[in-house]
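The two complexes that follow have subunit A in common; it is paired with subunit B in the first and with subunit C in the second.
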Partner chain A sequence: MQYFDKNGVAVIEANFAEQVKEASGTEINRCYQCLTCSLGCPSAFAMDYLPHQIVRMVQIGLREQVLTSSTIWVCADCQACATRCPNEVDIVRIMDVLREISLREGFVKERSVADFHRIFLGNIEQWGRQHELSLILKLKLKTRDLFSDLLPGIKMLMKGKLKLLPERFKEIEKVRDIFRGAEK
Partner chain B sequence: MKEKRIGVFVCHCGLNIAGTVDVEQVVEQIKDYPGVAHAEHYIYMCSDPGQELVRKAIKEKGLDGIIMSNCSPSLHQATFRKLAASEGVNPYFCEIANIREQCSWPHAGDKETATRKAVAIIKAIIEKLRRNISLTPLVVPLTKRVLVIGAGVAGMQAALDIADSGYEVVLVEQSPSIGGHTAQLSETFLTGDVIPGLVSPMMSKIASHPNISLYAYSELEDVSGYVGNFQVSIRRKATSVDESKCNYCGLCLESCPVKTASEFDRELAQRGAIYIPFLEALPQRPVIDRETCRHFGGDKCQACQEACPQNAIDFKQEDTIVEEEVGAIIVATGYELFPCTGIAEYASDPDVIDGLQFERLLSPSGPTSGEVRKPSDGKIPEQVVFLQCVGSRDPEHGVSYCSRVCCMYVAKHALLYKQAVPEGQAYVFYMDIRSDAKGYEEYVKKMVDEERVLYLRGRVSRIFRDGDKLKVWGSDTLTGKSIEIAADLVVLATAMVPNPGAKELARKLNIIVDQYGFITEAHIKLRPVETLTAGIYLAGTAQWPRDLPDTIASASGAASKILSLFSRRELLHEPTVAVVDPEVCRGCGQCVAICAFKAIELDPVKKVAWVNEAICDGCGACAVTCPSGAMQHRNWTARQFFEVIDIATAEYV
Partner chain C sequence: MNQQTAVKYAYYPGCSLEATAREYDLSVRAVCEHLGIELAEIPDWNCCGASSGHSTDRRLAGNLAGRNLALAEGMGMDIAVACPACYIRLRKAQNEMKQDEKQRDELTNLTGLSYNAQYNTRHLLDIICNEIGLESLKDKVVKPLHGLKLAAYYGCYLVRPPEIVAFDDPENPQCLDALLDTLGAEVRDWSGKVDCCGGSLSLSKREMARRMVGELVEMARRAGAEAMVAACPLCHANLEMRQGGANGNKMPVFYFTELIGLALGIAEAGSWFKKHLISPSGLLASLGL
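Up next, the complex of A and B:
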């Protein structure tokens, strides 16, 4: 089976649905396209494909299109879709799995979102808790977007909302255990 | 004629009538009208005290006619006629003056007009009643035997229900064996019942039932008569095999040099000109198909005759006509499939088959012994595409209705294919999934969730041969993208259409078919198993596409209607029918032509019309048509009509 879109022929990966189904543990084939997920999604305005379309594309194996979509990165994990789904398709879990695969295979479209995730988790791993100022600085260096939101940042700093130095969580080893466990 | 003593009873119907019509005023104006011996009003005439009032008046005033001025006759005419009869008044001397639906309701708010109109209506009915003649219902004899046309699953079920209740059944089947299309199937959806286990016991019960006379390879030649008294003649087509001599050895089948497409195997296998349609066929006897037989084609071939050790082959056998008398008829002529070639964009190819052909491929007794193999080269198909709604819901190329069973049997086909070829991929193109009965939705969902059948929402635009593959061009409207599938086998779920012979049969039976050729029921909601012709019932897919449980239900429904008809000793018929004055009739025959019920004949000797009162429905069409006035409707004569019209229009002329 081949799909034809505007760019010509789309590559189908027949076992993609199976892979996502296994990794997410959710019955993705149950979806009957009622659109409840997309209609309730608060981030839908920023997505290139709506959540129900992502589900359908996974079902039929449009692997590359799914993994390069912005949707999986724009999704805010708010759980509205998964809560409302009549077929108990856990779309949030599916998005998670898709992000993982996308990162692993270098398909990421919304690089800044992925960078944010990486730096956020890196900080946690380092100190056991978040340090906002270094998160901001690292993200700005990484994305080379140095001046956006500069004024509010300075204001927050003046009011003491952003701590200058990071604090280390006492039981940092336990946090690192979690990271090591996840890496396995 | 003796002047009747008429009582007029005006009902208030709560405020339904009394709110608009001044009932006291009506009584006041009616009570002195010629012929009226009594007039009164009451709040609810249909209530027990109201009826008591009428009884009392009949007794005390010696009334011999009553006029109930109340609601429509369809509501309480029967109530009051029964009451009249119980008081010794001829029920046809009880008339209804409808002053509710035809007066108080439409004139609400205009009491003066409504009252005037109510008086006019009652006076008009008084004039009619004064000229009514005393009648008694007609008694019609009832032959308690049934003719069932078609021995598919609907006909068999109806025949068994009636025969088991102790009445004789004449079962006529066009093809050499009973069983119908159901016998061609592999297994049922939902339950997975194997068809031979389901249909064969039914078939053998039919064949051995003491109350069933089976005429296979026969057709209905002619029908006359009416409910309770049908005379039917059945043409038993020549089988060219003497049944009394044949010992079913089968040597003739092997000897036949002709090879022609088997109807039972939907042209996927071949049969000889002398053949038994399938292994479990009943009656289990060979038949010579004279269309394909070389002997009848002018050749000298006598291979079967030479092979037969019993000398049972009789080339000179002729059709015979059997006459039977029955009281009721069930039409169960079943369905056919819309042809695969009906859609020009879908290649005419051996590997593009219809649903019944795929059933034969799945059937253990089929041409491939139950293995799914391509008809073209016998290989196992790895990519199978199923198309729903081929011809259905497509008024341009096929029919506009939904064939109702395809969604379910396609799901079954996909499941059975996946069971036969686990590594194969099944695709289903659908427009909507209609799974609207017990367990159906769950069954279809199972194919999608567990069996990994890929359901694609959209129609297929083209199917064409490309090397050893069939290219299927379609679209998945859920993603909005076009698709191309290189398929090995394409199965079209083509529309269910009526048996092509149903129209001709309906003409013989004087029943109506709809625009497609399905038999029309008397009322689609309230009388779904009866036709408009009394005594003729319908069952199964002759009426509309339906699946097995619905077919069985409609067949049993038709059977139970007949059993309730047969629970009476004889039939009663309304006497308010057409009558001819033979002195006046000049035999022009216009009434014969206009009668929708075929109730009128011309007496060949006297050259006057004759009405069969048992068939006449009392519609009055003949009386209106008759140029000489010889034809009159009992208790609605032209004279009565004119009197009524005179009063109704008195204030306008």
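Up next, the complex of A and C:
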């Protein structure tokens, strides 16, 4: 990955802020770096860049650094940042847009989170509703992590909290049409 | 509200309530019946897409939620939602489609259903607190939860973002506290009530969720609570699954509807608690509940 050129100058994409602004519908240049978002972020401890830093990086066009960051995937989607932002910068929406581009261009740093989303949506396309047992099993196979959570999993099965089979769904083709529509 | 008028809602349980949150669904249905809230489940409802939908594909998220909105509109009723993660997705789609004819047309093209955003989407906590009312609830309490020290946990999507979900204050909400107080419990004030538990990362980033849950439980304990009360199936599962410590030392987590059911004297309440991973029966027995 080329974050810097041979003279050590950061590689920037000048219109990145404009792209993100367009796709998110939020005025990203309003951010004046007050740090309210980062101070209240529950996932901050696991991030490589804090939310206010991501916003700044988007502003100045550090496209690849942003799209390959952990931050956009370990964001817990709690909405605290956007709720508290004094300038109404919709950071939640910005994170969504960054994840979309990161997925599309194959930059994903945190595979387990992206795999989770993909399997989650795949199950809806297949059955119309989420089937939690197969979501868990598919994620385990995909991440090759077979033995964690075995005990609570068995406990849940015994308590009837994990259905073995998905619910029957009548108009599954309508749901699949929605997925097909999204691809266009 | 007037006892004679039946309140009727199109019920959207959401996927978790069919499985990991079975006891939430059972307690919701029992309590609503007891309070005169009629729930007609939306036939053939689909998953709202949850965080995975809007995190990766905005149009998909809008249309998945939108199909449910359109089905409910066909029933001619407001929607009652149990899961806050579904609640925020349906409210968001409802707001967007209300303003955007193009999105409504797209939904109709894909699903064959018309939608005009004529009805509202409400969470059951909102309906019970603000439609049924706590006065009316109080009259029905037969077994007050005396001595039960609770921390009301709202989490994220009941209160944020306020332009989508607001029925209470986004930083210091009160309705769940007031409801538990009405049931006779000792409600502890604490500062974790709207902090995120990391539920959306519970399966994909276990260690993160463990740390976030650990901090919340510790905060609730310091405030003098012996149990937490949630209104979200994802918070509940995460708080139970990712809580550290020895088995006897873990803090039980209730759904708010379970505690309403207990206080109203609904007989099957005991069977809901058996489904918990962290059993609350010792705590309840010690208080004679």
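Some points to look at:
Heads up, the rule we're going with is that the second predicted complex is superposed on the first by the 175 of 184 C-alpha atoms of A that agree within 3 Å, B and C clash if a C-alpha of one lies under 4 Å from a C-alpha of the other, contacts with A are read in each partner's own complex, and residues count from 1 in each chain.
Throughout what follows, a residue touches a chain if its C-beta (ideal position, glycine included) is under 8 Å from a C-beta of that chain, and two chains touch if they have at least 3 such contacts.
Note that the coordinates shown come from a computational prediction; the quantities given were computed from them, not determined experimentally.
Of the two partner chains, subunit B is the only one touched by A:R30; subunit C is not.
In the superposed model, A:L121 makes contact with subunit C only, not with subunit B.
When the two complexes are overlaid, the chain among subunit B and subunit C that reaches more residues of subunit A is C.
Using the contact criterion defined above for the overlaid structures, shared-chain residue A:T68 touches neither subunit B nor subunit C, since it reaches no partner. Of the two partner chains placed around the shared chain by superposition, subunit B is the only one that A:Q53 touches, whereas subunit C remains out of contact. In the superposition on chain A, contact of A:D5 is made with subunit B only, not with subunit C. Contact residues on subunit A toward subunit B in their complex (touch as defined above): 1-5, 10, 14, 27, 29-30, 32-33, 53, 56-57, 59-60, 62.
Against subunit C, in their complex, subunit A makes its touches with residues 42-43, 45-46, 74, 76-80, 82-83, 92, 95-96, 99-100, 103, 110, 112-113, 115-118, 120-121, 124, 128-133, 135-136, 139, 148-149, 152, 155-156, 159-163, 167, 169-171, 174-175, 177-179, 181-182. Residues 15-16, 18-22, 43-47, 49-60, 63-64, 67, 106, 109-112, 156-157, 160-162, 170, 194-196, 198-201, 203-206, 208, 211-212, 240-241, 274-275, 277 of subunit C are the ones that touch subunit A when the two sit in their complex. Subunit B meets subunit A in the complex at residues 383, 425, 427, 445, 448-449, 452, 454, 456-457, 476, 478-479, 481-486.
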